[in-house]
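There are structures below to look over.
The following pair of complexes shares a single chain, chain A, combined with chain B in the former and chain C in the latter.
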Partner chain A sequence: MMKLLSLKRPVNMLVLANILAFGLLYYYKKPYDKMVLIEGLIVTGLICLSYFFIIKKNMGDGYLFLVVSMLSSLGVLMIYRLDQDRGFKQILWLVIGIGLFFMSYYLYGKVKIKDKLMFYYYAASIFLFMTTLVIGSSINGSRNWILIGGYSFQPSEIIKILFVLTIACYFKNSEQIIFNSKSVNLKWKLDNTKIISKIAFFLMVYSYIGFLVMQREWGTALLLFLIFFMVLYVFDNDIKLLLLNGAIAAIGGIGGYFFVHHIKIRVQMWLDPWADIAGKGYQITQSMFAISAGGFFGRGIGLGDPYLIPEVKTDFIFSAICEEMGVFGGIAVILLYFLLVYRGFKIALYIKDLFKKTVALGITLMFGFQTFIIIGGVIKLIPLTGITLPFISYGGSSLVSGFIALGILQALSKECYSGEEDVSDAEEQ
Partner chain B sequence: MFEILSSLLKYLFVTVIYLFIYGVIRLIYLDIKSASGQKFEIKKNIPYLKLINIREQFDFKVEEIYMLGKDVDMGRSAKNKIIIRDPYMSTKHARFTYKDGKYFIEDLGSTNGTFINGRDVKGTAMPLKDGDKIRVGQVDFLFVHGG
Partner chain C sequence: MQKNNKIIHVLILMCTIFFSLMAYLTYFQLFTGKKMESNAFNRRQQLKEDDTKRGDIYDRNGVVLAESTNIKGKWQRKYPYGSLYSHVIGYNSEIYGRALIEQKYNSYLLDINELKSVMGISNSLLKGEKVGNNLYLTIDNKLQKLANELLGAKKGAVVAMNPKTGEILAMVSKPGFDPNNSALTEKWKELVDSEDSPFLPRAVQGLYAPGSTFKVAVAALALEQDMEDIVFDDKGIINIDGKNFSNSNKKAYGKLGLEKALVVSSNVAFSQIGVKLGEKNLRDMANRIGMEKSISFDIPLSKSVFPYESMEKTDMAAVAIGQGKMLVTPLHMAMLASSIGNNGVMMKPILVSRVVDAEGKELKKWNPEKLGNTFTADTTKKVKNMMVKVVKEGTGRSAAVKGITVAGKTGTAENEQTINGANKEHAWFIGFAPAENPQIAVAVIVEYSGGSGGTISAPIAGKIMKDYLDR
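What follows is the complex of A and B.
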């Protein structure tokens, strides 16, 4: 029995963290809200159940879900502390997300022809783009939201996943390009030449990015470009292509700086926010103040002043975490993302099939780069972009798309773990 | 009330998160350590032990296939090449050796004994041929030697 309760089992630590978090939230505001305890019980119970389900049914890598649930619990804690309503919604989205996680895991196993559907993915993305252009609404400067009923939904989150699948379809076929020098027969009426198929592919990728730029979603555009660039680097031997794409990006970046006012401001505020503390630099300076106010262990949950930071529930949630849980808390969050990306890479390395390998790689890069972009922006490492911190930021679409992507990654990890690595048994050493 | 709780809890909370991270890293490390010895493809002429029982009936971890090399020890202790945490197995239970083109099994003084096709091995090294059934503790293996 003691082994079951041992401190070394991460599941126990997760449960303990949840108990502490929800217990604390219970006492947070008078009158003491019993709903918090009930919600906490539901969340913790659901996470534990899902984790044991994954382990017992040998559904692949157990660590992915573990790390992600820790992150999600932290997210729920912070958001509930910031805003009770949003906190409750986040819990709702978490439950839906876990359900979708299992669903996407099973569906991914069922659909056999995923790698031939390249143009369908592309068409779906174009469809989403078009709907956003037509009936989308602008929130905070980016025209990236669709409002249905009372719920807002960000199609770019789904487009990220479709993008990864599209790239993977292409690179599955590129095996023939690299190894056989045979031409790839695209279904369009294009010539059967290597170069033209590559150009068509690049046009496809840049059309994605172009649409996002049109919607003023700089963060996601940057993210997709980085994913594409990395996958190109991994799979293609031709350095000229890399340089070409890098040059295009550089031109795009510089052009953006000069021609787009918004980007210019962001870069200026990155270089020197102190010049305009009260105005344009307010966001980033408040974020820096908050992080430094946290010290090592933080000011304590509920005892900080995160409301001084604008957008604290979405983009700047990391600053709020640093303020209330200290630099150690912030580093812990970063370490958790490291673990997630590490497992993702390990899975991608192990898989033999090129399509699956690329999908795994793409999803891992998606999580990794997204985290890097937003945390980097928030600590003034790189200019700020409006992108969400996966699993922690408030946002139904962000959480849901994160879990769907995780479900796909989990399905891919099943190949690496055909029942041989038993997480709970490795502890008995 | 809340302020005191929160200020005290912040240390505990951070510690819990780090213990979690430590736990995950430790498990990953253990998995890598135990998995790196096991993943062989079955090569011709190299004999292996094939599990006869149903794997799920045991609550300890046991593999379906164990490849045999030159000198392979089997037992509960982590010092063995083949580690099976069967309560009915001894720390160092049996040893498989290779000599003059044949494989032998000897019992290393185990409490419950080692049996080949029902007969107790008891001390001396017994030769193994393809199709022999080996019993150690609760586990039954089939000795497969393709060559």
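What follows is the complex of A and C.
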């Protein structure tokens, strides 16, 4: 019993943090709102159940889910504090997300030919891109949403995962199924040392980025490029090729600054948001006001005015956290992400199979860079590009895709830590 | 495995970028965070103000000069004395912002502590209602009211201060305005457009030629330069380098020494003294009494100016009779008079003496502070005696108070309107009392009055000193 309550058990720390957070929100928000406590109970209960299930079933790394749970609890809390209706919805998405986490974990284990499906991943991505272009609707100036039965869905969130799987297939260097039925059995032997394969691969990668640019998803485009660039650095020994890609990106970036109005504005508002504080610089300066208002210890959950920032529930949620929980709270969040990224790197290091290694690294980089791009943007360290903060920002697509990616990472950790992989030096739990 | 080495490189990159996030966040909070609070686009300040009771402002005896009352859940600023403190306390308006004390002491009045805001410790955790801190001014409400009445509808300023401590006892600038919110909103446009500049706090920002009151400083300088026994033959007018300097009404005083020259305010004598003293001495003296110096004060105080790159003889003569390009603020002249009364020690002017929190605990207190020495104690003693004679038998007789020795000097300053022959001189008086142990120093200016300092300003100063010393 004592052991169950001990703070040395990480899950108890999460329970304690949630009791404090939801308790304080209940206490500060007048009039008292019992739903806060009920929600806290649901979220915490769900997380504990899932966690015990992961441990009982020996599903690999026990920390991945815990860290992410902590982040999503914080997300639900902040969103509920900002907008009660959206808070409820976010809890619903969290339940679905956790469901999909387990589903993606099992599905990943079931599909044995997952490293041979490059063309399918790519085709699915292109299909999603096309659908968005044809029937997509635009929200906030970016035409990157699909409306299905009253729910909006952002295909690029799923495309990110497909992108990681696509590049992983390439670096595995294995036979790829193009078409496989009883009559036709087409395969293509990838040989990533051959120049023709390389060109085909780069075309694929840049077509992803091209589509994203067309949809004005600068943040995601940058994210995918960074993942690709890092993976290329790790798995391809051709330095010239790496530099070539770097140069292409640099030219693209500089060209974007001069010829694309939106990018130019983003950069200018990064350099001097005060010049147009009432207009284009409004959002970023409001974010800075919020962070500065919070000080180091924050104004207290429910006691600040983060609602003054436009789009605070999605892109700018980190500023809201800083205002109410202070810079120390913000740093704690950054450290949680770092913990997640660190666990991801550990898996990528231990795992032997090249496909799995690339997937593990790709997903880890996805979490890491996405966090950096948006937090760096809202604190004005780098130019702001609209992208969600993984697991915290409001939005079903983002949360669900995050959990799907986490499910894959969880499955990889299971293979790497439990010896299904050929591991001799990976004894750690 | 080489790939793993490269993965470690990427991990190091990740560490770096995550660390840069944390470092920048800390840097931002430490070094740029504080500046954000007062930005007009940051509505937090206004939101905080709406539910914080802004602190009250009291005079030295605890009389309420500004207070906040809650009307239908909203805090309203009230100034019970209307325009009396418009140029001391200023105003606090949702629409027009803040001025003077209300602006400078905003953080105290709203209890916004820099440390507290950076550390982010919320007040409401400790207290239920947010209440700001109260200010105590050095102003004496009774004296302020009297000065206001004496100035009446005339334009100008009165400054009364304690020469030994620098505490401002009364400071009136006219015309004023009603700073109460409804009145301010109603009259704003009219006030802004008015040619009388009702928003100008003349006592601290009005710049005037000091006229003959400046002879006090020149006499002190002459004494320092061993000119005590100098004698002039005053024929009512003198020509220096082709420019005429004449006495008031061209009156000729005949043979006179330094003391007599000050008592009758002889321009003929002083213009010659100025030339004799020379540029170096005059500059040095101007520097010592604080011309061209920013003096820190509780509300924005303009620099008195001495804008000479090089001085001709005519410039020296003009400066010695308080004319020329030199301009001073009324508060600065009160400080000059104070320093003569205070053995040559010029004190820093103080308007706000204490900050006290809602429970009555003193948070901050400002003590008298020396600004510098103007003249030696010996010199000021001699000048003081001359100034006593000015009031006893000279131009300043109407400042005399029965039973009290008053020291003073009048001034009737030419200005841009008198050049064209208009009868629009500024009427000045500076002085202090009792001469043997000064308790109050006064500077009075009635601008474009058309009368002399002796007839217009000296009686005002006399009555103020009498009222204060009779208590």
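A few remarks follow.
Everything below uses one rule, namely that the second predicted complex is superposed on the first by the 385 of 429 C-alpha atoms of A that agree within 3 Å, B and C clash if a C-alpha of one lies under 4 Å from a C-alpha of the other, contacts with A are read in each partner's own complex, and residues count from 1 in each chain.
Note that a residue touches a chain if its C-beta (ideal position, glycine included) is under 8 Å from a C-beta of that chain, and two chains touch if they have at least 3 such contacts.
Source: prediction; values computed, not measured.
Of the two partner chains placed by the overlay, only chain C lies in contact with A:Ile291; chain B stays clear of it. In the superposition on chain A, A:Tyr233 makes contact with chain C only, while chain B stays out of contact range. In the superposition on chain A, contact is made by A:Leu336 with chain B only, not with chain C. In the overlay built on the shared chain, the residue A:Gly326 is in contact with chain B and with chain C. Touch criterion met: A:Ile375 reaches chain C, while chain B stays clear of it.
Once the two complexes are laid over each other on the shared chain, residue contacts for A:Pro10 go to chain B alone; chain C is not touched. By the touch criterion defined above, A:Lys357 reaches chain C but does not reach chain B.
In the superposition on chain A, no contact is made by A:Ile199 with either chain B or chain C. In the superposition on chain A, A:Gly300 contacts both chain B and chain C. On chain A, the patch touched by chain B and the patch touched by chain C overlap at residues 297-300, 303, 326, 335. Only residues 7-10, 13-14, 16-17, 20-21, 24, 27-28, 63, 66-67, 70, 74, 297-303, 324-326, 328-329, 332, 335-336, 339, 343, 420-423, 425-429 of chain A touch chain B when the two sit together in their complex.
By the touch criterion given at the top, residues 3-4, 6-11, 13-15, 17-18, 20-22, 24-26, 28-29, 32-37, 39, 41-44, 47, 116-122, 124-125 of chain C touch chain A in their complex.
Chain contact summary for the complex, chain B toward chain A: residues 1-3, 5-7, 9-14, 16-28, 30-31, 34-35, 38, 60-61, 63, 78, 85.
Those residues of chain A lying in contact with chain C across their complex are 230, 233-235, 277-278, 282, 285-286, 288-289, 291-300, 303, 305, 308, 322, 326-327, 330-331, 334-335, 337-338, 341-342, 345, 348-349, 357, 361, 365, 368, 371-372, 375-376, 379-381.
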